[in-house]
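These are the structures, in structure tokens.
Both complexes below contain chain A, partnered by chain B and then by chain C.
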Partner chain A sequence: MVKNFTLRALALMFISSFIILSASTIKIGAIVAATGPASFLGDPELKTLQHYVKKINDAGGVNGQMIELIHYDTGASPKKAVTFTKRLINQDKVVAIIGPSTSGETMAILKFVKKAKIPLISMAGAVAIIDPVKPYVFKIVATDRMACEKVMADLKKRNLTNLALISGSGGFGKSMRKQCKAVAPKFGIKIVADETYGKKDSDMTSQLLKIKNNKDVQVVLNPGFGQGPAIVTKNYAQLKIKHPLYQSHGVASKKYIEIAGKSSEGVRVVAPPVVVADKLDDSVANKKVALAYKNEYEKTFNSQVSSFGGHAYDSLYIIVNAIKRAGSTNPMKIRDEIEKTQGFEGVDGVVNLSPTDHLGLDTKTGMIMLEIRNGDWTIVK
Partner chain B sequence: MLKKYNINAQIIFLTVVLMIIPFFFENDFYYEIAILSMLNALIVIGLNLLMGYAGQVSLGHGAFAGLGAYISVVLSTTYGLNPLLSIFISVTIMALLSFLISKPILKLKGHYLAMATLGIGIIISIVLEVEEEFTGGSDGMSVDSFVVFGYEFSDSTAWYVLCAVLLVFTIWAFENLINSPFGRLLRSIHDSEKAANSVGIDVSYYKSIVFVISVVIATIAGSLYAFFSGFISPQEASFSHSIELVVMVVLGGLGRVYGALFGAVILTVLPQLLTSFEDYETLVFGCIIIAVMIFMPKGIASLFDNILKKKEQNSASS
Partner chain C sequence: MIELFGYLLSGVTVGFIYTLVGLGFTVIYNSSGIINFSQGEFVMAGGMSTVFLIYAGLPLGVSFVLAIMITSMIGILLYKLISFSRDSSQISLIILTLGFAIFLRGLAQIIFDKQLHTMPSFVGEGAFEIFETTISYQAVLIIIVASTIVVSLYLFFQKTKTGQAMVAASNNVDAAKLMGINIKKILMLNFAISAVIASIGGILLTPITSTNYEVGIMLGLKGFCAAIIGGLGTPFGAVAGGLVLGILESLVAGYVSSEYKDAVAFVVLLAILFFMPGGIFGNLKSQRV
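Presenting the complex of A and B:
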């Protein structure tokens, strides 16, 4: 009996997974890391996509057709990303793909997107995704190189030339460390110390002591995300290191200030504008969009907005606008229209795409410098 | 004990099934899943020989497959060697390496052996992640296409045929191996090492041989997977991949060649079927595995034992 039941249950699941939704929808695929080590990216991305697809459909869809969001969770595994990409292309026959959330996954699927001639807007950070330009691949997320450039420019302004790095050893920290080392010479900045810490380390005192005892160091930058930077910040204050501390866009959420507490006073953080959408100058072109997104996200999901969901918002609307302009769901035509996107005001900034620029985000609008004062963000002019 | 003709009948049946299945494939994605299942099955068959027949646990097989794949990929993509030659070199290196490793670690038993293989697996995956100039670091590297004697394996059908042939051959070889004196010898080690020792079997030597065989198969399958997907990342060698392989063995049925096949196919296909559960995917997946292990503790392959047994009973009673 029991065995029979198991078999029946299996059969039922098999069938239910093949139920096909109505045919006249526009299928947009999404590959996000909603669970696993990169869920801090994938979770807000997926929530945003689902929320706004519903919103678009409630308002009548695009060109009279409803949007169907087909999404798969990769758990940040490039292997799964490849399988799901093939599934989206061959089985689901989507007209465009949003994602994946991480750079490794994106690099893994580029080949298949190219072969299938389906436009892809990646939500990952690495420069390599759009440099060199690939016909079907776009990305509107500010790169880690931009974050580095922003930090370096700020250092130059303050006449600090000797930088110490203390980076997380995860993909994010590693990639940003590499980019920062690459752009530093352009700004006349010397990297005088280069420390790293593990993903699960709970104390960074020894690395920071080395930096403290290094007489050349004038300023410290900490590329990393998650709890690491908060621990670095706390240790930094405990060791009474007097140099200014810079944090990456990986910590640009209120949670960081909550965890690091008082020790975060005076820390500078390079961040995408959406985090402080309400404090932005009215002259900032995308303030309205960013603020509307922030408010809507925080109201709907009852949690702090992060910049990552914003990537999903921008990717979705760039594709939807392209479909509107193309008046067609032909992937080729959608691709052409995505490439013609001009003056798109997104959460991440203003986007101008062209055949030679598949990022199209300006450093000035893409990243801003914040300083933590009295437990809140202040924009550094 | 299986008779010779029985094995041949099974092999013919399997070949026919593998030939018929593609007619039900609606698109390339089905091929993709079939190919992934078969490549996983290859590794799992090898691992099953080690776990199910020789009774040695390995929590590092994902890492061995990953390292083997990386060696093939680096040789062919970075150094421009012929893919077939690079797989051959990789197999040789991995065979030697696993033989060396097997000597000290297979002296361990039970949890200690599991710990040792786990440790080696983690070391391999860390090395692959850190040696960025060779491996591309955590973001992985892309792989050149698989060209053999001027023929480029580019479409799924070609890969399907290649994997199917390899799978049938491997199963045939294993069935014969298991039903040979060597196979009986392995089972004697599995049941009691002391007893095996007392009748003059060089236990540690045979354990090493089995370990090497399973690592070699893992290397071949891992390398082919890398060429097939055109991309490789250290995740291939991660601890979770090793665990996944062990789960395939146990779920399918320890000590059964076809169990390995079922385990691999089901664990490759199931996640794809469960995507419709969205947020509850992992939960449902877990429940299914738990259910299988509760109701079929000897693995899915035991289902067929029961059917066979019933038939025998029926024929006996009638």
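Presenting the complex of A and C:
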């Protein structure tokens, strides 16, 4: 009997504490790849979420309630993403989920958020996440297709039609290579060489020699992230290849210029605007937000800003604004308000969501073209 | 023809990088019969500590020496762990080295960070031009240093008493003990030497490939392949294996497709294991049953 009583008392305490907790905080879930192969995405994302949640709470929270961020690290594994999604929904009872960081993980959890009717804002790149539109799934990250289109448009402007690809074999490089091959014909651009390298390779001279000896090539594009593109850039300069070199948004950080050194001079990089927030034209609608985020991130964490943390900033504030407008923490109502987001000025750009568009990022402002001159970015008009 | 020369040169560069990593496997295998899967992480530790010592404002030379000392300490730590579990089977010890590798990777993430880092090439950024292709100064330095290490290792194992004691220890521990060889000291020295070679590799590689906490994974794997292809146990095997691997990769990337580059490397590894289980240079130790 005694045992039974203690059990009941414990259960009661547990339940009541649960009620008190859930009454005083708004639980937002986050699934990020803070470690592992995609930690370059997840690490700044998690830092940003923690920093800004604290900031919102210090300023009094949302509708008088504090935000409680419940986050899990997947190490970029879709399996773990599924486990953590279930935990966020069933145990933690969150009202909305931010993440995951990568496309594979996002695709894996879609059916669970759909079943639980919890709004999700993914921070991954693939178009398939929001095309076709799914009622509970949003994302505000520019797709790699946008990056490809930006590059192709720039090539067309310069009258370069014969493109050579040298892509990293990681997920990022593979996906962008596919997208670029798909959009190239629309701009009248021919892919005349298609090389790849392992993402941990230490020398890409062979692939580049092959491209150099190909008489058709006019310009080279290198989709990839990490050290690969820096090595490609160095080898490119060593071999004295004369064609213009384009890099993807995967290397759009000062780190790339630092590692590739002088070889990066004259290289063009397609990039999200936050990287050069201070150099943006004042007419750019989201300049203020992007610049404020860049400065705050760099000051707080003492490291270069990347666009990835910006995704977390945008996702968090879109949800917070939706909760404010809804005046409720009912996931269904939050979802409805997220969908009504109009003119949201985020780090990634201006976002206008609608029942038929769950990306809502303006393609024109989502990506810009940069050129490296004197070891710094300049915006290509 | 010029094309072929370019591919070969690139293959040789990469090959010597693999050799540098592969040598570490050889040294530890030579004395203990263990394959040390944290070899790649030793390379990472050497490169990362150098970079961060330079960030801390130390001069280049001092950073190198300190980084090499730090890495050899890590090597000795691994030996201490292994000697704790000396009675375990060899396979458990090999798994222990795998675990140690994961531990080092995690530690590097905490102590350093997850970013990529590089340091300026200490022989200048330029490159020699040969015909229509190029080889960077740093790559030439790697070839010179790797060759020097190989020759000195060979001399060490063949000509010095300590070196011979190491070989003896690997052939028959009990007999070596009876001959008055201090097995513990010999093994510890071996792990230290292997870590020193790895850290030199890490330092030389960083200006070319840059470094981060997980740079050791692939390097370790390729170095392991090089050591196996060439035949574990002889320093020249690591050179042969590294060159075969590097040149093959480069030729496949050049003439076939860069998509199949890594696949071919592993096919060659399998073929060697099937048809020449001792590797190119190795002679399988006959075992009495």
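Convention: the second predicted complex is superposed on the first by the 358 of 381 C-alpha atoms of A that agree within 3 Å, B and C clash if a C-alpha of one lies under 4 Å from a C-alpha of the other, contacts with A are read in each partner's own complex, and residues count from 1 in each chain.
Definition applied: contacts are C-beta pairs under 8 Å (C-beta built on N, C-alpha and C of every residue); 3 or more make two chains touch, one makes a residue touch a chain.
Computed from a prediction, not measured in an experiment: that's the story for all the values here.
Student: Between chain B and chain C, whom does A:295 touch in the aligned arrangement: first, second, both, or neither?
Tutor: A:295: touches no partner chain.
Student: Name the contact category of A:72: first (chain B only), second (chain C only), both, or neither.
Tutor: After superposition on chain A, A:72 lies in contact with chain B alone.
Student: Counting only touches as set out at the top, which of chain B and chain C does A:231 meet: first, second, both, neither?
Tutor: A:231 sits against chain C, while chain B stays out of touch.
Student: Could you look at A:35 and tell me whether it touches chain B, chain C, both or neither (first, second, both, neither)?
Tutor: In the superposed model, A:35 contacts both chain B and chain C.
Student: Return first, second, both or neither, reflecting whether A:328 touches chain B, chain C, both chains, or no partner chain.
Tutor: Touch status of A:328: no partner.
Student: In the superposed arrangement, does A:354 touch chain B (first), chain C (second), both or neither?
Tutor: Neither partner.
Student: Check the residue A:209 against both partner chains and state whether it touches chain B (first), chain C (second), both, or neither.
Tutor: The answer is second: A:209 touches chain C but not chain B.
Student: Considering each complex separately, which residues of chain A are in contact with chain B in the first and with chain C in the second?
Tutor: 35
Student: Touching chain A in the complex: which residues of chain C?
Tutor: 3, 6-7, 9-11, 13-14, 17, 109, 113-118, 120, 125, 127, 133-134, 136, 139, 205, 208-210, 212, 214-215, 217-219, 249-251, 253-254, 257-259, 261-262
Student: Considering the complex alone, what residue numbers of chain A touch chain C?
Tutor: Counting only chain A, the residues touching chain C are 35, 37, 39-40, 43, 169, 195-198, 200, 202-203, 205-207, 209-210, 213, 226-227, 230-231, 234, 238-240, 255, 258-259, 261-262, 303.
Student: Report the residues of chain B in contact with chain A in the complex, numbered from low to high.
Tutor: 26-30, 32-33, 36, 137-140, 142, 229-231, 233, 235-236, 272-276, 281-282, 284, 288, 291-292, 295-296, 303, 306
Student: Over in the complex, which chain A residues touch chain B? Could you list them?
Tutor: Per the touch definition, chain A meets chain B at residues 2-3, 6, 10, 13-14, 16-17, 19, 35, 72-73, 77-79, 82-83, 86-87, 89-91, 103-104, 107-108, 111-112, 126, 170-171, 174-175.
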